[in-house]
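Each structure below is given as structure tokens.
Next come two complexes, and both contain chain A; in the first it sits with chain B, in the second with chain C.
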Partner chain A sequence: MPYIKSLIVICLLCVALPSQAALNIFACEPEWASLSQEIGGEKLSIYSATTAKQDVHSIQARPSLIAKMRRADLVVCTGAELEAGWLPLLLQRASNRKVQPGQLGYFMAAEHVERLDVPQVLDRSMGDIHAGGNPHVHLDPYRLLIIAQLLNKRLGAIDPSNAAFYQARLEDFQTRWQAAINRWQAQAQPLKGLSVVTHHKDWRYLLDWLGMKAVATLEPKPGLPPNASHLAKLKKQMAEQSVAMVIRTAYQEARPSKWLSGKTAIPAVQLPYTVGGSAKASDLFGLFDETLALMLEASGQ
Partner chain B sequence: MNLDGLDISILGPALLAGLLVLTTHIPLGREVLRRGIIFLDLAVAQIAGLGVIISYSFGWESGSWQIQFMAMTAALLGASLLYWCEKRWPEVQEAIIGCVFVLAACAGIVVLSSNPHGGEEFKELLAGQILWVSYEQLIPLAVVSIGVLALWCSAYNKRHPLLFYGLFAVAVTSSVQLVGVYLVFASLIIPALAVRKFKAKGLAIGFIIGALGYVFGLCLSAILDWPSGATIVWCLAISGIAVASFLSKREKVLD
Partner chain C sequence: MNKVSILATAGLAVCTYSSLSTAQQINNGMNPAISVVLQGQYVDYKQDPEDYELPGFMLGGEAGLAEAGFGLGHGELVMSSNVDDMFFGKLTLAIAEHEGATETELEEAYIETLGLGSGITVKAGRFFSNVGYLNGQHTHAWDFIDAPLVYRGLFGNQLIDDGMQLRWLAPTDLFLQVGAEMGRGERFPAGGASDEGKGSQAFFIELGGDVGVSHSWQVGLSHWSADVVGRQSGGHAHGGGATEVPTFTGDSDVSALDVVWKWAPDGNFVQRNLKLQFEYFKREEDGTVELENSGPPVETTTYKGEQTGWYAQAVYQFRPQWRVGLRYDSLDSDNTGSDEDVLAEAGLDDEGHKPERSSLMFDYAHSEFSLVRLQFNRDKSYENADNQVYLQYVMSLGAHGAHLF
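Our next item is the complex of A and B:
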């Protein structure tokens, strides 16, 4: 029955929505769908290829992905090799000229900001590391702001008739975002200097912004599943070092961080990581609010 | 619900890939069933993947043809080992195949844990996704399929078991990287299982079952926005059951 209901809702929506030529945005991850929404509002028709519960390193192929990519006017993804396992294949299969690499319709957010941990020498024996540096940039609000400005320019270039509209919404977003950053930084004061253990290196930019230290990862090497000897080593390390919490995303396996937490009494926290990763993280503002609230709670502040 | 995906340019290459896979897998699947070694394809594919991982840990850098060469060589070696086992211990061949499968899989985990280099290619080799296939990729698959079929059919009366193991290794290794292990297994076993009682007509009916499964699976995955490979596997099973029960009813009427 829920199917029938949602079917009716969708049909009604199709009728209700005016068929104006909204710009079609194909976002690889929910954070970019959310950012596009902030800047483009109702002028954009936004599709997110993944949800917060999915590991974006690898996804299953569905026909709708190709169909959406084919009609996209702008592809907004993280880039820096994060989607290397599927985005090139999808672009090739969709053969939409507007969104191929190098075109206006191809916007790789992480490639427009400075990335941390760019390897000096590329040696794959170090694990699944990205040649372009750590791609998980959206959890630094300052980098997100730069990306918002560039995305606004790109939208204006693709759709000049609405450029002023995008610009006005960007300015509004900037004001609200800057105020939020000030609030978050004041809130996060107690977190400064704390050490954490993370599952994967996807928290690099958040921790860097908050002045926190990642002392270890549950994965022995990026992309490799946690194993017994590595976890045992971590347990020893935790005994010698004060660590405030063990953090993971909604899509990562809970067992390794729970195991370590059980052995060391250091709290294990699941953070939303991106928009949709928890009920309260329904947009970018909610994402940071919720992330900080959970971290403050875990650290006992 | 989404009708955008119902587009021949989106589903066409995947459908053609499926039909090509079926041409070789139905006759080979019937032989697999006759010999009672249904997990042979999983073992062979896993060994092909292991070959790729090991070649990486030797530091051999890869163009795509070298990876193909390593995968094929490993699969052929694995298949000849399994042929030897069949000759030596025919009564426990199925159990041996199962053991070879887990051994190859675990060897892969061990090698990758010290050197993750090659892990990507390993994953790609086993987890092909039918929807990403392009028409250009189908040309090598078509050539391999024609070769396998020609050898298999020309040797109809004097099929050596080693010929079967060799052709099987080649067919599975070339198809698994395009459509993935689940679809290879389903294409191999389900149509063959559904037509097990038929002799001469079995191939044609099996192909119809397979084709129906792929067509409905792809359309359903487009309409409901489900992952294509997994949806096709289910549709293959449904089509197999439907056709088999239809034919068995008709047989009773004819009796």
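Our next item is the complex of A and C:
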């Protein structure tokens, strides 16, 4: 009998050994690195290609990213054309079949949920618009939850030996996340119906969730930097309209929103936008906590 | 939990619906991504561009200067797509106007594997060689309107060949790539498609990485060689006779070093960034030079040549949309042969002159799809120094392009 026991131990080792090597996750943005962390924990080795201080519309397809993607088991990105300027090149140069479109290792988060503002007409005179709709989906906690569930399935498919582990962590995450959503929605009641001006249309899903309204953007067209004549127009518009705040991310230039704030006495707020965008936004929970706290403070509630 | 699972079901239903519509929108049905690049310029020279030469270098390819006044640059029509889950394919047609006639040139037509495993990639067809750094980039992605002098002098602006490339990417955090190319060797600066259509070879090694979050770099070493048969360069006529065309037959070897360094505060390139770039090339040739249509007897000489060149440039984006750039070019040559007169006729006498050029450019990119550029060159390519002023536009339509580091 002892040899059967040792056989079982060996077999268990055989199964367990391959899973000792953590799956390599290449996340295009910090929010997906953080979500992968929630579900995969120590079974994943996660690399975020960008930080909260970088505009992910224009990242350099630099050698270090190609090297990282070469070894990735799973690429988790926003998709819906957000990374159109660099992700296709990385995929092409990384020589990694596992993560090519159509493979299990290719996961584009925004393409798995309904997107808002899908343009009816495509014309570049309207700015750098995305044919697949607004890709900045991660600031809607419900969409994030759907993505978490799909990401869990994907991880389980790539790494079946740890599927139960991922499933258990997902369930734990879901419970905590749903509780947090209930708390945030109660907290955010005073924000409902307020109007804001945003730098870019990064905030579409957050505002949609909170029942807030974006009345204008500092960018004259998506992807074009704010200019003096457009800001002057906004100043006029804001005098006639009640606007609660002007919001921007950590990677956007502060000057335009500060200028507008100075001229109109409407507060300008820098929100973390993604994980790492401020000291307190160290994970997805912190990101939403901090975002709501800053907005409530700015709105005087 | 109940609420969560209802949500999830609803979400999955939504996802099934929307991922279908997305696939269609994002991949544009099954059609390839198509883009068109429009380029044009206004040029002013102090010297006659017809007199242009680079003493010590046999010019060919597209080495000549653009015509003075208004003119069109290369128009490009680019189509690319994944062929299936194994291959990627790309076609680039360059459309240009030469002396009143419209010429279409197949600039790129290649297929490439999408991951054979173990970091190996195979490319086949017509493609930009991986020798040097700038060589792999389309003219519309250049930071200056014209090629560095060393590219003009050695490659006729760009090294393009028909053949195969095999490269391997190491499984390390440090970017390390090695590769080899074998080409037909018919196009300048090779010629004659020798060795039964396998006349040129190249090897390259590239290293790259990041230093902190704000800096990234890449260094490349490469070597190109060809067994050249009858490579022609620009000819000229004597007193109404037939045009004498210098041709070279022999061995040609090019070694190159390239270094690129990029900086942006916090790695955010939108507000401000700096790009530093340096390349050094050395070419050694050994063979014979002949003047076709000369004589009889045909004038010929042995030829042993050494040509070197480098350029260094810095391009600084000081605010969104606006950039300023500086570039300095320098060339040198040491060519010897049995008949100095024939060498001189072939443009291989350096005339005691070391070509150099300084350039200053400003450009404004309204969006990432449009660019207007103003450039000044103080060009001392040959004994008559030239002042050159360029006003250029580069615009792209269609599919969103992605650019190499």
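Following the convention adopted for this analysis, the second predicted complex is superposed on the first by the 280 of 301 C-alpha atoms of A that agree within 3 Å, B and C clash if a C-alpha of one lies under 4 Å from a C-alpha of the other, contacts with A are read in each partner's own complex, and residues count from 1 in each chain.
In this section, contacts are C-beta pairs under 8 Å (C-beta built on N, C-alpha and C of every residue); 3 or more make two chains touch, one makes a residue touch a chain.
Keep in mind it's a predicted model, so treat the numbers as computed, not measured.
A.B. asks: Determine, for the superposed arrangement built on chain A, whether chain B and chain C clash or fit.
C.D. replies: Result for chain B and chain C: clash.
A.B. asks: For A:G223, decide between first (touching chain B), second (touching chain C), both and neither.
C.D. replies: Both partners, chain B and chain C.
A.B. asks: Just chain B (first), just chain C (second), both, or neither: which does A:Q174 touch?
C.D. replies: After superposing on A, A:Q174 lies in contact with chain C but is clear of chain B.
A.B. asks: Classify the contacts of A:K53 with the two partner chains as first (chain B alone), second (chain C alone), both, or neither.
C.D. replies: second
A.B. asks: More residues of chain A are touched by which partner: chain B or chain C?
C.D. replies: C
A.B. asks: Considering only the touch criterion stated at the top, classify A:A164 as touching first (chain B), second (chain C), both, or neither.
C.D. replies: Neither: A:A164 stays clear of chain B and chain C.
A.B. asks: Could you look at A:Q100 and tell me whether it touches chain B, chain C, both or neither (first, second, both, neither)?
C.D. replies: A:Q100 contacts chain C only, not chain B.
A.B. asks: Return first, second, both or neither, reflecting whether A:G85 touches chain B, chain C, both chains, or no partner chain.
C.D. replies: both
A.B. asks: So, A:R71: does it touch chain B (first), chain C (second), both, or neither?
C.D. replies: both
A.B. asks: Once the complexes are superposed, what residues of chain A are shared between the chain B interface and the chain C interface?
C.D. replies: 58, 60-64, 66-68, 70-71, 85-86, 89, 92-93, 124, 127-128, 221, 223-224
A.B. asks: Under the definition above, what is the set of chain A residues touching chain B in their complex?
C.D. replies: 7, 10, 58, 60-68, 70-71, 85-86, 89-90, 92-93, 124-125, 127-128, 220-221, 223-224, 227
A.B. asks: Using the touch definition from the top, list the residues of chain B that touch chain A in their complex.
C.D. replies: Touching chain A from chain B are residues 1-2, 4-7, 10-11, 13, 112-113, 115-117, 119-120, 123, 129-132, 134, 218, 221-222, 225-230.
A.B. asks: Where on chain A is chain C touching in the complex?
C.D. replies: Within the complex, chain A contacts chain C at residues 50-51, 53-55, 57-64, 66-68, 70-71, 79-81, 84-89, 91-98, 100-103, 111-115, 118, 124, 127-128, 131-132, 142-143, 145-146, 149-150, 174-175, 178, 221, 223-225, 251, 253.
A.B. asks: Within their complex, state which residues of chain C touch chain A.
C.D. replies: Contacts found on chain C: 1, 3-4, 7-8, 11-12, 14-15, 17-19, 21-23, 25-26, 82, 85, 88, 112-117, 119-121, 167, 169-176, 206-210, 213, 216-218, 262, 266-271, 320-321, 366-369, 397, 400-405.
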